[in-house]
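Both complexes shown next keep chain A, but they swap its partner, so chain B is in the first and chain C is in the second.
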Partner chain A sequence: MKKYITLFHINWQNSLQYRFSLVIYIGGYSLYIGVLLYLWSAIYHEGQSVGNYTLQQLTTYYLLQLMINSIIFSYISWDVIDNIKNGLFSNFLTKPLDYYLYWFTINLSGKMLEALFVIIAAGGISFFVSDYIFFPEHLITLIYFIIAVGLGIVLAFEMDFCIGMITFWLTQVRTFKYMLQTLILFFAGAMLPLDLFPAYLAKIAEILPFRYLIFFPASIYLGKIDNPWLSFLLLIFWIIIFYVISRILLARGIKRYEAVGA
Partner chain B sequence: MELFTKSSAVRTFYEGVNILKTIRRYTGLYKAFLFQNLKEDMIYRSNFITLVVMDIAFVSISVVLFKIIFGHVNSIAGWTFHQSVILIGTVGIVREMAYLTFRRGFLELGNHIRTGTFDTFMVRPILPNIHLAFRHISLSESLGECIMGVILVVYGFMHLNTWSLLSIPLYVLFLINSLMVYYGFSLLINSIVFWVIKSQELNTIVYFFMETSRYPGDIFRGVGKILFTFIIPIGIIATAPASILTGRMGWKFAAISIIVGVSFLSTGLYVWKKSIEHYSSASG
Partner chain C sequence: MPISIQVKNLRKTFDYFKKEPGLAGSFKSLFWREKLYNEALKGISFEIQEGELVGFLGPNGAGKTTTLKILSGILYPTGGEAVVIGHVPWKREPAYQKQFAIVMGQKNQLWWDLPAQESFTLNKEIYEIDTRVYKNNLDELIELFDIKELIDVPVRKLSMGQRMKCELAAALLHSPKVLFLDEPTIGLDIISQEKIRKYIEGYNRLKKTTVLLTSHYMRDVERLCKRVIVINNGVIIYDGLVEDLMNRYADYKTIRLRFSREYNENGLEKYGNVVERDGLNVVIKASKEDIAKHTAKILSEFPVEDLSVEDVEIEDVISKIFTG
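So, the complex of A and B:
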């Protein structure tokens, strides 16, 4: 356990070096969210509305999206892919570190740092649109929300780790990953809340596990889910499934990696 | 007096010839660079196909999103679905125009500066910004989006209630104007590279700049209207050309767009020129 805490700490400091690019990225993404807020406010001021959302709820949804997206979504697979491709992976085989836990820790510390920055950014934006920000009435809603985000971090990491593992089989994994990432974001509700989708797409989104990454925590915050316990159970079920898949892929991948002998 | 007019006429004549010569020289250079880069593209043929397919997928997602929104509303700030499709398409076309001229050069700029290869650009008998642009012309990088863009614009155009043939050349004119805005903006942002070396990430800003420009500029009000017209002109890139094509362009907006285009390009070139003086070679 101690070595992973050290790892967490080291990576935190490494990530701090890249704070400039982090700030730029969050700035750019905030610009995107800002434009979307203008879009919705234009639509609502024309007297139109979408689904059962008020302008206040939609504004809050996109600000939550900005935060959750940064906090939950894992991007470590870029590094995992590089690692396996350029043979640095061999080093890990000799170290007393578990490859899965290693990346889990790296991801967690990176995400915590990003969370700090993005909460400041979201706070800044909400200052300008304070009339349109929704706050939950009960403390329990906030607690549910934090649990959902916490579980979301784990699930998103596992999915990303699996994508990284594909490198053992496919060398041109980057374009594939890029497409997969966009699909995941789409079905997670990053661009639009999933209950605004037309029925057939909403059905697909309902079955897929990606909804737990953005739509689910945001809906909890907005008070649209009163009793999230069943969803929590399903979420944990998905976490276990993806954990098993990650482990199988890793074990098979290592064998394959040795077979190539890179 | 007569002598003075004559000599100035002669001078203008020679200047005119010089400009023509310069234009011819740069067109020749452009062609040479284009063919060279095309050959490079052709080496990685499978990569070429993946890029195109991926682009088409990304644009399709944008269209699906607009389609879903229009499942709930009739118009966005006065734009119907078919008109909005023209907006999405226009962003794709402007992007490809940019890749065929300057865009990828800026993506490589950070590398050139960090490794010191930017020196080469300083000593050649071409303007550094033009050399940087031409060296990295890319047909394939955004080709898929362009193909989708043209299809979307044509599709949207055919579904308009009113249209005139005159709007087509004007559309092209405003596309060029948008390219000027895009180039000016990129020059301004990338000039920062000469002051802060580690800043390839700056192009993330340019990426979001283009991503957000596919929403109609009419959605902005108040401070946002000024901000997104004059300072971060995302309300012009796609909205100005698409407004012409859909017959919603007023004189005021047309004039503002052209003014923003010209001033962004000239400010961009000026700031770039000043910043390049600040370049200190990494290899020397």
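So, the complex of A and C:
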């Protein structure tokens, strides 16, 4: 266990090497939010209403979408892909270190750091545009929200890890990854809240597990879900499913790697 | 001495797909691909005693790295047996992993943007090294490899030679009983190469660690190893002392001559093969047995200004073996 804690710390240090890129990150982030607010307030001024969302709810949804996107979505598969392709994966086979837990730790440590910066940035911005932002009335809503985000981090990691595992079989996995990422973001509700989808798409999105990555936590925050416990159970069920898939893919991938080499 | 590494009839066959050239070939391979086999190891056997430092020599693609990868559990063999310090490597038991290390000259294991010290700390935890033992080992390695000033600098700012020293130190923190080195001096300048050799030799002497190192720099092997295993096309073609290898394949020495004035060219031939002739400078390959007699005769019969007798370079011996 201690090895993964040390890994967590070292990855923080590694990320903090790039302080300047963090400044740019926060700057770009603020700019994006500004444009977003401007756009939506313009749409609502035309007298349109969008589904059952008020302007405040919809801008909050997109703000949340942005935050959640940084905090929940895992991007470690880019590194996993490189790692397997250039043969550095060999190092892991020679060390008493679990590959799944290694990336889980790296991801978690990265996400926590990113969450810290995103919360600082978003907090600063919402201070200036508080009229546009929805704040939940009850503390319990916030607690549910945090649980949903926590579970979302795990599920998003597992999905991303599975995508990385494809590298064992397919060398040109990067284009594939782009495709999947767009698809996942779409069905997660990054572009549009899922309840604004046309009926048939909404049904598909309902079944897929990707909704738990953005739409679900955002809906909790907006107070649209009163009792999330059943959804939490389903989410945990998906986490277990993807954990098993991750493990199977890793074990098979190693078998293949052992046969083929770097 | 107990046996450290035992390899019996080890085989490894890689399969891959043939692709015909051009775009048409690419399309064709979408539907139908011909499977080809590459026998990287064709049944090799050897034994290495504890504390030995053995060189694994051969041209690119001979099977050196494949062997090391099998012995460190990265590759699964097609057939045969291997036992390293009582473990079958490809089972990848943590008990085995904590007792060996592999360093690949072309692959960086240290965290690129952080000082090596951080990677050391992580290795301490990965290998679950006791804090006191770790401190001792680290101090020892810092002194042995002379890296006191290097370990607090981000790895990306180190030169290749400096990085290699840190790579070695990182791999040795857990005092492995067996050390595999794959091309440890690759890409280094001559001085750094010599330093790395010195450190490897020093560490082996100090710790009695079994070292198996591959290289295509003959100097590595000549300088470090008493014993050498020569491999080509997946077959071991020589396993024995470096000295014997030299004796067996190098039955001649090189005589370098410089004359003070014009000389009779024909007379030289009877003392050996003239391999180079450049004005007054001549190089002769002469049979080892009569070397003393012949040099004496050359000295008395020719206007010699300077004469030296040199042993054959191991490079020449190896290339002689490989070209048959």
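Quick note on the criterion: the second predicted complex is superposed on the first by the 253 of 262 C-alpha atoms of A that agree within 3 Å, B and C clash if a C-alpha of one lies under 4 Å from a C-alpha of the other, contacts with A are read in each partner's own complex, and residues count from 1 in each chain.
Quick note on the criterion: contacts are C-beta pairs under 8 Å (C-beta built on N, C-alpha and C of every residue); 3 or more make two chains touch, one makes a residue touch a chain.
Remember, predicted model here, so these are calculated numbers, not experimental data.
When both complexes are superposed on chain A, chain B and chain C end up sitting side by side without clashing. Applying the stated contact rule after C-alpha superposition, one finds that A:L31 touches chain B and leaves chain C untouched. Of the two partner chains placed around the shared chain by superposition, chain C is the only one that A:L97 touches, whereas chain B remains out of contact. Contacts of A:I207 after superposition: neither chain B nor chain C is touched.
By the touch criterion defined above, A:L139 reaches neither chain B nor chain C. In the superposition on chain A, no contact is made by A:A199 with either chain B or chain C.
When the shared chain is aligned, chain C comes close enough to touch A:G87, but chain B does not. The wider contact with chain A, measured as residues touched, comes from B rather than the other of chain B and chain C.
In the superposition on chain A, A:T6 makes contact with chain C only, while chain B stays out of contact range. Between chain B and chain C, the smallest C-alpha to C-alpha distance in the superposed model amounts to 8 Å. Overlap of the chain B and chain C interfaces on chain A: none, as no residue is touched by both. Contact residues of chain A toward chain C in the complex are 2-3, 5-7, 10, 13-14, 17, 87-88, 90-91, 93-97, 255, 257-262. Residue ranges on chain A touching chain B, taken from their complex, read 20-21, 24-25, 27-29, 31-32, 35-36, 38-39, 41-43, 46, 48-51, 172, 175, 178-179, 182, 186, 191-192, 196-198, 201.
Across the complex, chain A is touched by residues 50-51, 54, 57-58, 61, 65, 68-69, 71-77, 196, 198-199, 201-202, 204-205, 207-209, 211-212, 215, 218-221, 224, 228, 232, 234 of chain B. Within the complex formed with chain A, the residues of chain C that make contact are 14, 66, 69, 72-76, 90, 92, 94, 97-98, 100-102, 104, 107-109, 111, 113-114, 118-119, 121-122, 124-128, 154.
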